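Next, two complexes with subunit A in common: one pairs it with subunit B, the other with subunit C.
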Partner chain A sequence: MSTQLRLDALRGSGVIAKPHNARTIAALTRNPGCTRRAVMDAAGVDKDKTAAATGHPASIGKLSPLAVARGQGFEARVKSQGGAELLRLLRENLGLPIPQAHYLDLGGDDDSVIGGRYLRSRSALAASADSGPDAGTLFDHPMLRLQIAGVWVYLEPDMVAFRLEDKFYIIEIKSFAIVDGVADPGDVTRAAIQSSVYVLALRNLLADAGHDPNLVADQVILVCPKDFSNQPTAHFVDVRKQLTVLRRQLARMADIDRLLDSLPDGVTFDLAPDAHGLPTRSAADLAHALRSVEARYAPECLSACELALFCRHDAHDAHSTAALGRTVREELGGVDCTSTAVALGTGTLVPTDDLVQAAETLRAAHALRTAILGQLA
Partner chain B sequence: MSTLTSYARALAAETGQAKRLGTVRHLHVHDRPLVIVPLTLAGETNAPVAAMAGSQHDKPTVIVAGQPRMRSKRLDFAAELAEVVLPFITECAQRIEYVPTGRDGSEMRTRMADAPQLWVPNPGGISYLRMLGRMTRLRKTVGEYAVPLPVPEMGKWLTWFAEQSEFADTSLLQATTRALSGVWATGQSSVEDGNLAALMAWIAPPPGQSGAQAARRAEDPVTCPPAGPSTDPTFDAVVLKPALDAIDKATSDAARARLLQRLADDLTGQLQPTWDLVWQAIEALRAIPAGNHVPHRWERDRDNFGGYYQHLASDGRPQARRDNAERSARRLNDLERRLALYDAQRAFDDPMVMAEYRMGGDAFCGNVIHAEPDRTVKPGNRRQLRPLIVVQTTDPLRLLPGDADLTDQQRPKQTATILDVQHSGTATHVTLELSGSMGRGLTATPGSVPERGGTVTYSRLRTGYSAPGAFPDRDSIPWTHGGPPAQHIATEDDAREEWS
Partner chain C sequence: MADPLGIEELDQRISEVKTEIRKAVSAQDFAQASRLRTQLRALEAQWHGALELAESSVSGKPGNMQLPVRETVHQILTLLAVPAAPRTIVAVHAAFFAGELAGSQLTYLRRDEERSFRTAPHGRPYYLCSALTYDRLTAARGLIAVSSWPLHRRIVGTLSARVDYLRSAIKLAEHIDRTDRPSPAAQRLLWQVAAGIPNASASFGDARPASVIEAATAELSVHDDDDRVQREQAARRARKQLGDAEQLFGAPTLSAVRKAG
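Entry: the complex of A and B
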């Protein structure tokens, strides 16, 4: 069976694959060891619906309408008047020599035809690569694409690619503030991972058009509100590290056949929706299918994966030490179960050969707790 | 994290009950703390929506910013919060005490007899106070964009509190989740411990429920609203956004007042559960005995409080937007020294903390099985008293012969050097040579050297004075570090800074 047919079977009959975007691709890099996630994402399974159907609805992905409105308002402001404000920033904040720049909107009325917009973006960006070194142009609404597990994913950046001094820059507009030159490190990291997806896609696009992919800078330009105002400010962010991680994970996903081979025959995540789109498949049956694919739950999943609460439930049932944190598992000598760890600590379990050293440490920990804390332990 | 805390987590997970991490708490719990539970508008940079504040559990002050997107309303909010915060600070500065100082302790200096202690629900609350401080401290009280005097006053204080909270050893500003996690291990991850309701559920579950069961229930944002500063996205969609839009469109003052009152009630409903949890947490922590060094650290906190109080009275300039090279270097040095001291004090106050060092092989505890208190050596011209002891321990020792500068808490000024380490069965025999703090002659003062049969714990931890690093004066900072920094003068630009 071809890869595509196998993925279609996993997703279920007549269900359209849930498209990736830069955010979901970025999330792929968060837990690269998880087969369940890799397979479901490759097949384009709607994890949100799946999680709800198992009785463990997702806790992530809810956005406050207030935050969304603020984000959209800020982006519109930055891009207004042909990006005039953005140009001023690039000149003043980043010292980029831009004599003048054209503003080219690659979006259009035929947005329904994604492929068309991609081709338009490709020819415009390739033409820019052909022209002189100072042909500064702001591209708004470009369309890029990236192959994820053998499937083309179209990326609609909410931002603009730019050419100057012989380099293309990805511009990422975010609505978290940079106060006195400092932003929340978590926010910056998330923005960097997302932008690295665009950098990679733009590099592929140029390579496709016969250009040097290194024309795309490995620094992106992050545009954020300055201090407590609505005024934008711009900073360079280096995304080389994120690019490495992303490439590694995509290469792994490209090898999806190997992961599919490990699945039992006939497994599917089909929700078998009725005429109203409500799942008819029983939660137990669905859970059984999910459990046939190995997951690697860690607490970080709670903020990155729709299926996290389902996996957490299973991890707790299995007394998983990793569910308490990856470092906890390491510090317990790599023991998988909390029940094993405690039994080794109290000495009620005789360690197997591979756990002798871990058992020694756990017994010492238990002895110290009992000796020092006494009743409190 | 360490093996012992991880093991405690495993135990908690297996039993469904939170487990104590140590014998004592290492933070000071004030008799009358000031609790602030703030909420901000999602997506905005520090747009206060509401706050509950006060120093008595049953008498909270609720402050609501009717339209957080408007600059003037944010300032009104800050002014109202200042009415709670500033009198509280002033009250703590009413009494001073005299402490001996100088070489022989014959001189006297003053110290604040009290200091304010602030509590917020979580580390996000500390970031919130820092941002609110930054937003308000540079405002001017005269001229264009003038704000009431208490607004920048509070801004300076909040900035100071946030700066202090970066020191490991301070009790001036506490994030409740962090304070609880220092005392109890739960059977969930540290990520999940960030949820105050879930964390408290583990520590003090309702009757008839295990910690694990109670924590799952506490994760429902409807029954347990998030502890902020961000509000629940569903609350934003269903209540907050419609309310703010309606207030914007209200046609009469009466209608606006009615809408505001309803919004205030809804926000109180979001704040109250967290408010109660913070007070519950403070009580739970108060019930744990304090470590021996806790009062010493609180003295330092009071000294620092007095110092900044004096600074504001005599100078009063707000903190700069960013530290210069000189201040950063000094501050980093302070952070490191105070952390090292805090680590040592905790280890001496709590055998469970010392046990971490013992498990890591950096400390060992055992019995003295042999002692030569009058041993002398003659490395040069003069004979010196260098007693020798042998300690038997079962701790996994990582220290080696030649390792020096070890001390035992009972004799902090006496150092030990390892001469020999012998393993026999499960026990290890460590031979130590001692130096210092045993009298002047060639005979050790009785009791100054550990005796046979005594219990000792040797490590490199120290609680003595450590000198601050040496840094150039402001005026001789080299060009590599930006040269002599300009004095920070708040400019009109700072005061005019745009908010939207």
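Entry: the complex of A and C
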């Protein structure tokens, strides 16, 4: 069976694949080791619906309308009037020469001509790469694309591609504040992952036009409000690490056949919706299908994957040590199950050779705990 | 208080909430669905309100002492002398005019002008029309211009946004210079504009018209020639290729052609 047919079967009859965007692509990298997520995303399964149908509806990814409005307001301000604010920042901080004040809006109001818009972005950026720096400075809303599990996904980023000397940079405008040069690390990480998606897509676009993809810098420029004011400030963020993770995950999904081969025959996440779109498949049956695909739950999933509550529930039931977080799992290298950990720590189980070290740590922890509890008593 | 949402934003919010309702229903979360429905009703009420507001100000109902929106916008664009976005028009209005002008009131302005032009071409002394992109000659997103300007001034090339920013800064500064006692709002606007131009303001919050004019003119001289070449070429093409209405409101976009075909 062809890959596409296998993926269609996973998704269910007549269900349209859920489209990706930069946020969902960025989320792919948050738990790269998880097969369950990789195959579901490759097939475009609506994980939100799946999670709800198992009785563990997702709790992630819902921005408040207020936060969305604030973000849009800041971005519109920074970009307005040909990016006047942006130009000021780039001139003051990066020494952008005065003649380079070109601004080209590659966006469109209409999404029925996505392919055409991609070509327009490609020719504009390629023309700039072909000539001197005078052929374009700011390119707003370029249309980009990436291949995910064999399917081209178009991205319409709210970002600006920026040319300085002979490099292109991604400029991401975000509405979280940078106070005294420091921002919330979680916000910065999320922005970096998302920007790395654009870096990769912009590199593909230049390569597609016959240019060196390395014209795109692996540093991105993050523009945020400064110190609780509405004034923008700009900072470089290095996204090399995020790019490596992203490339690896995309390669893994490109090689999706290998993962599909590991699934039991006939497994599907079809919700078998009725005429009103309500799932008719039983929660238990669906959960069974999900469990037949290996997952690797970690607390990070809670902010990155719609299935997190389902997988956490399972991980707790299975007394999995992974559910306690990556650090614990690594400390306990090889001990997968909390009851084994307890048995090793209390000495009721003799460790095999490969677990000797973990058992020592656990016994020490147990002794410490007993001592402290003794003192408290 | 925050600006009320415009009709387009409301449209978008309404469709988002509808999607959320569908999701809640399919997840059998009926409490959430009912909360969302209440929200939907409130948004729909706001939508009707916004529509009425837009209609009343566009038609300039009797009893409304302000100038009709159309004329106000025309005055502001004449002052700036370049195509401008609703956001800019609203800011200039706040600095120089009495009364309120909300961005949502400009939402359907251009569309209404186009309709009027198409039913009775050249029936009015001027139309509020589009600026045209230099490459495709389609309507440039979000800009409003005046039909009586020379066509090349309504073309948006790659340097035009910057050139027009500098030109409008000069115009604003000249206007403030002529005004006896400019309002604090006008002075603030001048400083905000000056902040985007190298050497235009002496210190934070302080911009004198003369130095804004000098600084903007200096940067303008760097871009002006390149910009004019691009604009004039595009304008020649537009006159050759486009009919009267398209010259004002833009060549049809690809999708519009498809729909018609």
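Following the convention adopted for this analysis, the second predicted complex is superposed on the first by the 334 of 377 C-alpha atoms of A that agree within 3 Å, B and C clash if a C-alpha of one lies under 4 Å from a C-alpha of the other, contacts with A are read in each partner's own complex, and residues count from 1 in each chain.
Here, a residue touches a chain if its C-beta (ideal position, glycine included) is under 8 Å from a C-beta of that chain, and two chains touch if they have at least 3 such contacts.
Here the structure is a predicted model, which means the values were calculated and not measured.
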Which of subunit B and subunit C A:353 touches, first, second, both or neither: neither
Residues of subunit A touched, compared between subunit B and subunit C (which is higher): B
First, second, both or neither for A:317, with subunit B first and subunit C second: neither
A:65 touches, of subunit B and subunit C: first, second, both or neither? both
First, second, both or neither for A:177, with subunit B first and subunit C second: first
Footprint overlap on subunit A, comparing subunit B with subunit C: 65, 69
Footprint of subunit B on subunit A - complex, ascending: 59, 62-71, 175-177, 179-181, 225, 227-231, 299-300, 302-303, 316, 319, 321, 323-325, 327-328, 331-332, 338-339, 341-342, 345, 361-362, 364-366, 368-369, 372-373, 376-377
Subunit A partner contacts - residues on subunit B that touch it in the complex: 1-11, 13-14, 19-20, 22-23, 41-46, 131, 134-135, 187-192, 212, 219, 230-231, 233-234, 236-237, 240-241, 321-322, 351-352, 355, 358-359, 396, 497-500
Subunit A-facing residues of subunit C, complex: 2, 9, 13, 16, 22-23, 25-29, 85, 87-88, 140-141, 158-162, 164-165, 195-196, 198, 219, 222-223, 226, 253-255, 258
In the complex with subunit C, residue positions of subunit A that touch it: 48-49, 52-53, 57, 65, 69, 76, 80-85, 87-88, 91, 98-99, 101-105, 107-110, 112-113, 116, 134, 136, 277-279
